[in-house]
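In this document, chain identifiers A, B, C and D correspond to the written order of the chains, with residue numbering beginning at 1 in each.
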Amino acid sequence: MTAKDRKDKANRHFASDNWAGAPPEIMKALALANAGHAPAYGADEWTARAVKLIEKQFGGNCLAFLVSNGTAANVLGLSAMLKPHQSVLCSSVAHILVDECGAVEKCTGARLDPVPHMNGKIMAQTLEPFLLAAGNQHQSQPAVISVTQATERGTLYSIDEIRALSRFARKHGLRLHMDGARLANAAAALDSPLRDFTRAAGVDVLSFGGTKNGILFGEAVVFFDKNLAKDFPWIRKQGLHLMSKMRFIGAQFEALLRDDLWLRNARHANAMAALLRAQLEKIPGVEICFPTDINMVWCRFPERAIPKIQKRFSFHIEDPATRMARLVTSFDTSKADVMDFAAVVKQAVDGK
Amino acid sequence: MTAKDRKDKANRHFASDNWAGAPPEIMKALALANAGHAPAYGADEWTARAVKLIEKQFGGNCLAFLVSNGTAANVLGLSAMLKPHQSVLCSSVAHILVDECGAVEKCTGARLDPVPHMNGKIMAQTLEPFLLAAGNQHQSQPAVISVTQATERGTLYSIDEIRALSRFARKHGLRLHMDGARLANAAAALDSPLRDFTRAAGVDVLSFGGTKNGILFGEAVVFFDKNLAKDFPWIRKQGLHLMSKMRFIGAQFEALLRDDLWLRNARHANAMAALLRAQLEKIPGVEICFPTDINMVWCRFPERAIPKIQKRFSFHIEDPATRMARLVTSFDTSKADVMDFAAVVKQAVDGK
Amino acid sequence: MTAKDRKDKANRHFASDNWAGAPPEIMKALALANAGHAPAYGADEWTARAVKLIEKQFGGNCLAFLVSNGTAANVLGLSAMLKPHQSVLCSSVAHILVDECGAVEKCTGARLDPVPHMNGKIMAQTLEPFLLAAGNQHQSQPAVISVTQATERGTLYSIDEIRALSRFARKHGLRLHMDGARLANAAAALDSPLRDFTRAAGVDVLSFGGTKNGILFGEAVVFFDKNLAKDFPWIRKQGLHLMSKMRFIGAQFEALLRDDLWLRNARHANAMAALLRAQLEKIPGVEICFPTDINMVWCRFPERAIPKIQKRFSFHIEDPATRMARLVTSFDTSKADVMDFAAVVKQAVDGK
Amino acid sequence: MTAKDRKDKANRHFASDNWAGAPPEIMKALALANAGHAPAYGADEWTARAVKLIEKQFGGNCLAFLVSNGTAANVLGLSAMLKPHQSVLCSSVAHILVDECGAVEKCTGARLDPVPHMNGKIMAQTLEPFLLAAGNQHQSQPAVISVTQATERGTLYSIDEIRALSRFARKHGLRLHMDGARLANAAAALDSPLRDFTRAAGVDVLSFGGTKNGILFGEAVVFFDKNLAKDFPWIRKQGLHLMSKMRFIGAQFEALLRDDLWLRNARHANAMAALLRAQLEKIPGVEICFPTDINMVWCRFPERAIPKIQKRFSFHIEDPATRMARLVTSFDTSKADVMDFAAVVKQAVDGK
């Protein structure tokens, strides 16, 4: 899509929450942090405050580290949990499995085992067969269960479901990892403190996403088991993610966590997705695919309608076989954006 | 160093050019880029323009890619040049060897062979013995020579010296890699277009540093041999550095390259280092260690003076054995900073 | 199973063809090779002759290398074909996927994508969906199709089926790898020269198994595309498989290939499996699972019969869910072994 | 060297102890082990007995594992001791550093730091400067000291020297690894039980070499700290060294350890080296380089003499700069071989 093409289209799209920039609070925090010299590589005060604020969200007595993107948060967090001869059990649509170009495998040497899922969610009972490998010297040893909260299908694990997975993990000597690229959206949707469905539900290591929640760059890796964190400074450095001007990630996270900006961003995005779904449900010929728990609507448009809609709005068709469209809202999606989109869809579906 | 400690000290230090933030032009560019939605993962217009501007600096017909930090630029650029059974010849003080926590080795599987150096520079003739491994199935095969321009000692390779290394490389089937974390400072000091001492001198792959030149985050990997670049989109992704909101790196690089901001930043930093050296030379008891070609002065202070100076200004002592201090200036170092520092040194050396 | 336990049982089992030792020709060749000193690391005459004999089987003008086991043959052969951001398409029961403890992933950094199969065989049409990743920077790039000939299910690809896969590979820029741990059994079953269903059918890199065909240690990696082999001496060394007293692998391979010992071994093993199947088919309550193309019979025994049979004969139950038994014959399996086994099965099934 | 060339020369050379084959006891053990079927992958009785005999040499209560070659023993043993962000301190002539084609780096992701040595030996005091990296997130963390006993220079660490290294290791939280490719020669030379200069002197993980001591293939990795061994079955499998017909390595080791064959082999080889040295010392113009503690003599021949000697006997010139010749004796070197060699040298040096 060229610049000109985009000008002819809406300014805000439904392609992904990482198509959005950042709200003014974040930009202001960046500007304020740009004051003179500060120690490099995370030894600055903004990073210190951000890390403390993150840890506080989870009740303290845990360890948070900042990295610059979500791939790094997941891959490096998992690196701290894995040996090369081990494996991760995750859903067959898990981002770490299908969208990271083999980064987990390359960086950890370990394998990802795809587990059947329901609307993006895996259940403890489905994991049983994977335990057969345990103790067999010919097979990678299951060591970590990784769940995405909220999932790649826009659905949510309930707190009980996460607890069931962590109980299963504990029982079998595994650890629980959570990819929380959209953790804020999950918290908003569950109307629950971050701690309740992460640490308190038995998660060991968490990727806490900032980028999709409204900052330019930055994710946190949070270790609830501090033992797992003891090598993380080196894992991060050797993993190419010790940023020198770390304060500018710290400052963004600080702004995000102060005054619940993160939660407001997430609530708004979720609300816009709910509105979008409601509008799409009214249009005959549009088929909704999954529950819409967070800021993501999956649906199917009539085939001929797709190019017409995409002429005005960008969004992804995940799979040419199923033709499922993924629509993502963000902190800056407006009601008008949603209504415009729905109108364009209506017209396209009606063949106008 | 706590926040309080730092408040009692100078606002600008001599610890590293990555202790500085960014000039107003960069912050403005970030703010302007924060306009509505833009395609993620580098498909945006800012990235397109930045990449074009970078490529233009080198005469076009080359390929530039943005990553978020210098570790990534070096490690991923080298990944595109290396197979696991090969080796890189680099100076024994090369940043990639001594300051990246084994990242090159882990990510590429290849080995770094430390080459004796003179003031941070390696010479073609010193490389001869390393070629003995060539063809021997028991030894890593030399494949890449990596030079840092300007060097970790603050010195410069002349264009002729780089040419001699690239001739040697060509002759023996090796490639030439350049770590240009301070490439701008080198260009300013050589008073030479970037192209002349990189591509035109035979460099194959270049890390073009932005962070130490005054942006928040961002470096470019530039491939003069486009064949080497054909896998780079995947190397970058699997290497954890495909940023989703890439436009904010693109926008910074664009601002850096427009109106020669990069060159002005570098010239200023270099000038401040020259001034600093001149001031230090006047102080009996301070021993200057290397030529000061760029924005870096290496010197030795009397041992008892060091804590006194460090009470006011941060800087690194590289090696407790040699006690060499590394003083780095940046785009925002002022004459007053330098004169203050010199005065503090004078006092400390005089034992006051 | 303790030594005592085994003494009470049959001397020859149906657990795997690698439970057998070696025929006298191989032991004699080892003894003859043990004469004085010979250059180490493969520079000896036995290795030279063995390599030549192997290459001759495929029409010459190819390159063969010896390694000490089948894991190494597959993993190192694939290492020569793959970059870390690429993927291998193989059946979901492929040995390289399910029985190598993640060795391919760790050694190559690449990923294995499980493809649906029919009796262990994958078909070109099933591979189409995996090509959707091609060109997408977020996903591992398909680069190699790997087939096992004969398959883990004891079935065979016809020459036409292999050709169809290699045509598909060529068309889409992929390479074809063949795991030939039981290549000899395939050749015997197809009654076809080795070349016809490997090189002539479009295979690029082949693991040619010796161990399961009757030698103590040793497999060959054969490159039909010599370009792919140019780094293999180093891949093998860095991959831990440059044996110092290589002549003792060379001598075994030489003996195996002289006078068609390899083919006689394979024919005999295949014939014993055919006999075994015929006997089992006569027993009501034993369910045969797949075609028996080579030296392997898959079947289901009544659950209560299994421990009774295993009291006398060792064999593997692959999957507790399906209870499928895998019975493998080898060069030294006798008719009496087969008839004994069938009698024991009959008794056990009859509940005696 | 072609077969014909070698026929014109001596049957036994001084190139390496891995140019020799195996004594009759080993060949006989192989033949006896070749009896019917045995469980694969190390579950056989020969392996069980061999492992027990090895463990007994070290006082029991340790864990030994068999692999097929020395590269694997060192690399996989170190894999059990290392994380990717750590480093190994070893002499700058250590085999693991200079002769394994980067295998340690590739398999572990860790780095090898070359330590200055004296006749192949490193000393605790020389290691101090390497500890400066400890705790610095930019540098690989020292985790293992690796010594070769006997060394690559044919010298020996005394028991006290090893103890000093292990004390240093303990004090600084490091582990001690020993490459014992020629451990038997060391035991013979020290006239000391294996245990005394390994486990009792503080070694944590040991490579116990069989190949250079007179077997066809096989080395053991011995863990004195059993905790370090708990993942080793998988490290070995994923590291390509779980041999299917393991019994044939087990049987060789069993024969080697029964009736002290290993010690007799080593004593003989050492004695032949002592004789060789004594003969060479008598020849003016031959310069001996290091102490001759085991089965290895390092010396310098006049340049013009080298091709004349090599016309009859194979040996290695390690370094064209220093022209040092390495002469290695083995279990089958005869007095006549040594006297012949000395005579040829004398003639060559005398210019005849």
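FYI, a residue touches a chain if its C-beta (ideal position, glycine included) is under 8 Å from a C-beta of that chain, and two chains touch if they have at least 3 such contacts.
Not measured: the values here are computed from a predicted model.
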{"item": "Distance-maximising chain from chain A - centres being C-alpha averages", "value": "D"}
{"item": "Centroid distance [mean C-alpha coordinates] between chain C and chain B, Å", "value": "51"}
{"item": "Cα-centroid distance, chain B relative to chain D, in whole angstrom", "value": "42"}
{"item": "Rounded Å distance, chain A centre to chain B centre (Cα mean)", "value": "33"}
{"item": "Where chain A touches two or more other chains, by residue", "value": "84-85, 100-102, 106, 109, 137-138, 140, 234, 237-238, 242"}
{"item": "Overall pattern in which the protein chains touch one another (line/ring/star/complete/other)", "value": "complete"}
{"item": "Touch list for chain A against partner chain B, complex", "value": "1, 3, 6, 11-13, 15-16, 18-22, 27, 30-31, 33-40, 43, 45, 68-72, 75-76, 100-103, 106-107, 211-212, 216-217, 234, 237-245, 247-248, 314, 330, 332"}
{"item": "Chain C partner contacts - residues on chain A that touch it in the complex", "value": "84-85, 87, 98-102, 105-106, 109-111, 114, 129, 132, 137-140, 319-321"}
{"item": "In the complex with chain A, residue positions of chain D that touch it", "value": "41, 83-85, 109, 137-138, 140-141, 231, 233-238, 242"}
